[in-house]
Amino acid sequence: MFLVAAVSLLVSMVIVLARLFAGPTLYDRVLAVNSFGTLTVLFIGVLGFLTGRPDFLDIALLYALINFVGTIAILKFFRYRAIGDVSASRELGQ
Amino acid sequence: MNAVDVFLEVLSWALIVSGSVFVIIGSLGLWRLPDFWARLHGASVTESAGVILLIWGMCIQAGFTLITVKLIIIGIFLFITGPTATHAVANAALVTGWRPSEAEGLTGAEPEPLRPENEDDALDGGEE
Amino acid sequence: MIETAINFALFTMLVVTAIAAARIRHLFAVVMLSGAFSLLSALLLVTLDAVDVAFTEAAVGAGISTVLMLGTLALTSRREKIPSHRPTIPLIVVLVTGAAIIYGTLDMPNFGSANSPAQTGVAAEYIERSPHEIGVPNIVTAILASYRGYDTLGETGVVFTAGVGVLMLISGLRTRRRREDEEDDDEAEEAG
Amino acid sequence: MTLAGLFALWLLMSGLFKPLLIGFGLASVLVVGWITSRMDAQDGDHLDIRLSPLRLAGYLLWLLAEIARANWSVMRIILSRRMPVRQHLFRVPFSQKTDLGQVIFANSITLTPGTITVETERDNFLVHALGYDENDDEALAEMDRRVAQVETAGGV
């Protein structure tokens, strides 16, 4: 059962990685990395059960936290930088 | 093995296998759908159905232990942050001036221009 | 058997990600790829039972270094410059180094071998003594924080100093930039 | 209150009950509490929770059913050969009073596959739909009502 889950998670990771390579836009890549992080969290959980030691869930939890922080950091960066420079956005407001 | 155990075993099997199926479908959606705005929805299949089903399945497998507690904490966390992250991606794309393509016969709503307080945010955010 | 297959699959993805990161010119995409790369390597470390290292890899590799690289990108350009020289000499250097490293691993004991130097040295002693001497369940933590406490303190000091140095560099750059911007504005106003 | 919650979380996560480790736990909880109180004094950003727990549980169950339905339809779109995508960006008004209620509504919209909250405005969300049809407005209004019920019923 957990083998099924592990294999399908691996397959999904390959597909998501393909999307990450292919792009075409930056947001596609961010989305793919975020999705990849979620898959990683699930995979660590499943792996723990597969090897009979589900104590590794701490790492899965840590990954969930880090993944979220990372995604938000990336998007904050896009949102406030890709508009232009800080001075440019100041001009937009006026 | 009594009836309850058998039932739980079957239930967790069903949950985990269907969760795996949804995970694959979600990533397939991420690959197949035509453009970024559609792909967002593909990713959210993994994030909602896949996560919920797999975590529940694992909880039932773990039984009544601390592992279940950890799983539930992970589940709650993903349940809250998953949509927030998706929203952030979509929002960043929208704010940088990118509009989704509309289906025939529909016109999309135009977002209001940035409000002044958002502008302050923008200035603070840039200073980081 | 299953674990070998999983390791193999993860390693393949890791190598493919590394090659893609080397080939893509858009630096944001490279940052994303390196995030996926560190997630993958952390997964590999989990399958190898190196939970502590996986923890560090997750926090540093996937979390902080992504943010740091983005911060760097904010200060520099977003596209990699096309290199002006040919990659032959670097390639040769890398190939020779890699071959030397692989040659070095030939002498190493097999993975998980019981009579490798790592197992026959002080490891057994630590494993036996740390539970009742220190009382911390994680032996690696016990060794790092207790048996080698001064060593770890020194390392932390080095890392802290490096962090402070980087912060001072970056903040200095930003104030300098802002001053330049203001001067530009002044000139523009005078001109207008 | 918060500190006790944090300490309970520590105990649950570690699952070890030696005096040394519990001491570490207490110490880190106290440090975190001290830092948080300093941060609170700095920005004064408070979150008051005005939800009735019972109705929230009921709402979550309803949401699960909704998520299952939405997943099914998105799955059909993804797996079909032609992919009958009908994308649309539209406004959804919300009637929640507190920030938390609005967050719950926005996240519920995003959590059901097929619809994603893209932007928040003064009294509308901009929502992007994958397979838009005219019933969606009604369904989202229904969700809005339910979230608003969860919110106003509490007032604790």
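Letters A, B, C and D mark the chains as written, and numbering starts fresh at 1 in each.
Following the convention adopted for this analysis, contacts are C-beta pairs under 8 Å (C-beta built on N, C-alpha and C of every residue); 3 or more make two chains touch, one makes a residue touch a chain.
Quick caveat, the model's predicted, so the values are computed rather than measured.
Asks: Could you give the fewest steps needed to travel from subunit A to subunit D through chains in contact?
Replies: So the least number of steps between the two chains is 2.
Asks: Can you name the chain that lies farthest from subunit B, using the mean of each chain's Cα atoms as its centre?
Replies: Here the answer is chain C, farthest from subunit B.
Asks: Taking each chain's centre as the average of its Cα atoms, which chain lies closest to the overall Cα centroid?
Replies: Checking distances from each chain centre to the full centroid gives A.
Asks: Where the CA atoms of subunit B average out and where those of subunit C average out, how many Å apart are those spots?
Replies: Between these chains, centre-to-centre, one finds 28 Å.
Asks: Averaging over Cα atoms per chain, report the distance between subunit B and subunit D in Å.
Replies: About 12 Å separates the centre of subunit B from that of subunit D.
Asks: Would you kindly tell me how far, in whole Å, the mean C-alpha position of subunit D lies from that of subunit C?
Replies: Computed from C-alpha means, the inter-chain centre distance equals 34 Å.
Asks: Give me the residues of subunit C that touch two or more other chains.
Replies: Not one residue of subunit C touches more than one other chain, so the list is empty.
Asks: Indicate the residues of subunit D shared as contacts by at least two other chains.
Replies: Residue numbers touching two or more other chains: 13.
Asks: Where in subunit A do residues touch two or more of the other chains?
Replies: Those would be 13, 30, 32, 58, 67, 81.
Asks: Using the touch definition from the top, list the residues of subunit D that touch subunit C in their complex.
Replies: 16, 18, 20-21
Asks: Could you pull out which subunit C residues touch subunit D in their complex?
Replies: Contacts found on subunit C: 135-137.
Asks: Which part of subunit A faces subunit B closely enough to touch in the complex?
Replies: Within the complex, subunit A touches subunit B at residues 1-2, 4-5, 7-9, 11-13, 15-16, 18-19, 25, 27-28, 30-32, 34-35, 38-39, 41-42, 45-46, 49, 54-55, 57-58, 60-61, 64-65, 67-68, 71-72, 75-76, 78-83, 85-86, 89-90, 92-93.
Asks: Note which residues of subunit A are touching subunit C in the complex, please.
Replies: 3, 6, 10, 13-14, 17, 20-21, 23, 26, 29-30, 32-33, 36-37, 40, 43-44, 47, 50-51, 56, 58-59, 62-63, 66-67, 69-70, 73-74, 77, 81, 87
Asks: Can you name the residues of subunit B that touch subunit A in the complex?
Replies: Within the complex, subunit B contacts subunit A at residues 12-13, 16-17, 19-21, 23-24, 26-28, 30-31, 36, 39-40, 43, 46-47, 50-51, 54-55, 57-58, 61-62, 67, 70-71, 73-74, 77-78, 81-82, 84-86, 88-89, 91-93, 95-96, 98, 114, 116, 119, 121-123, 125-128.
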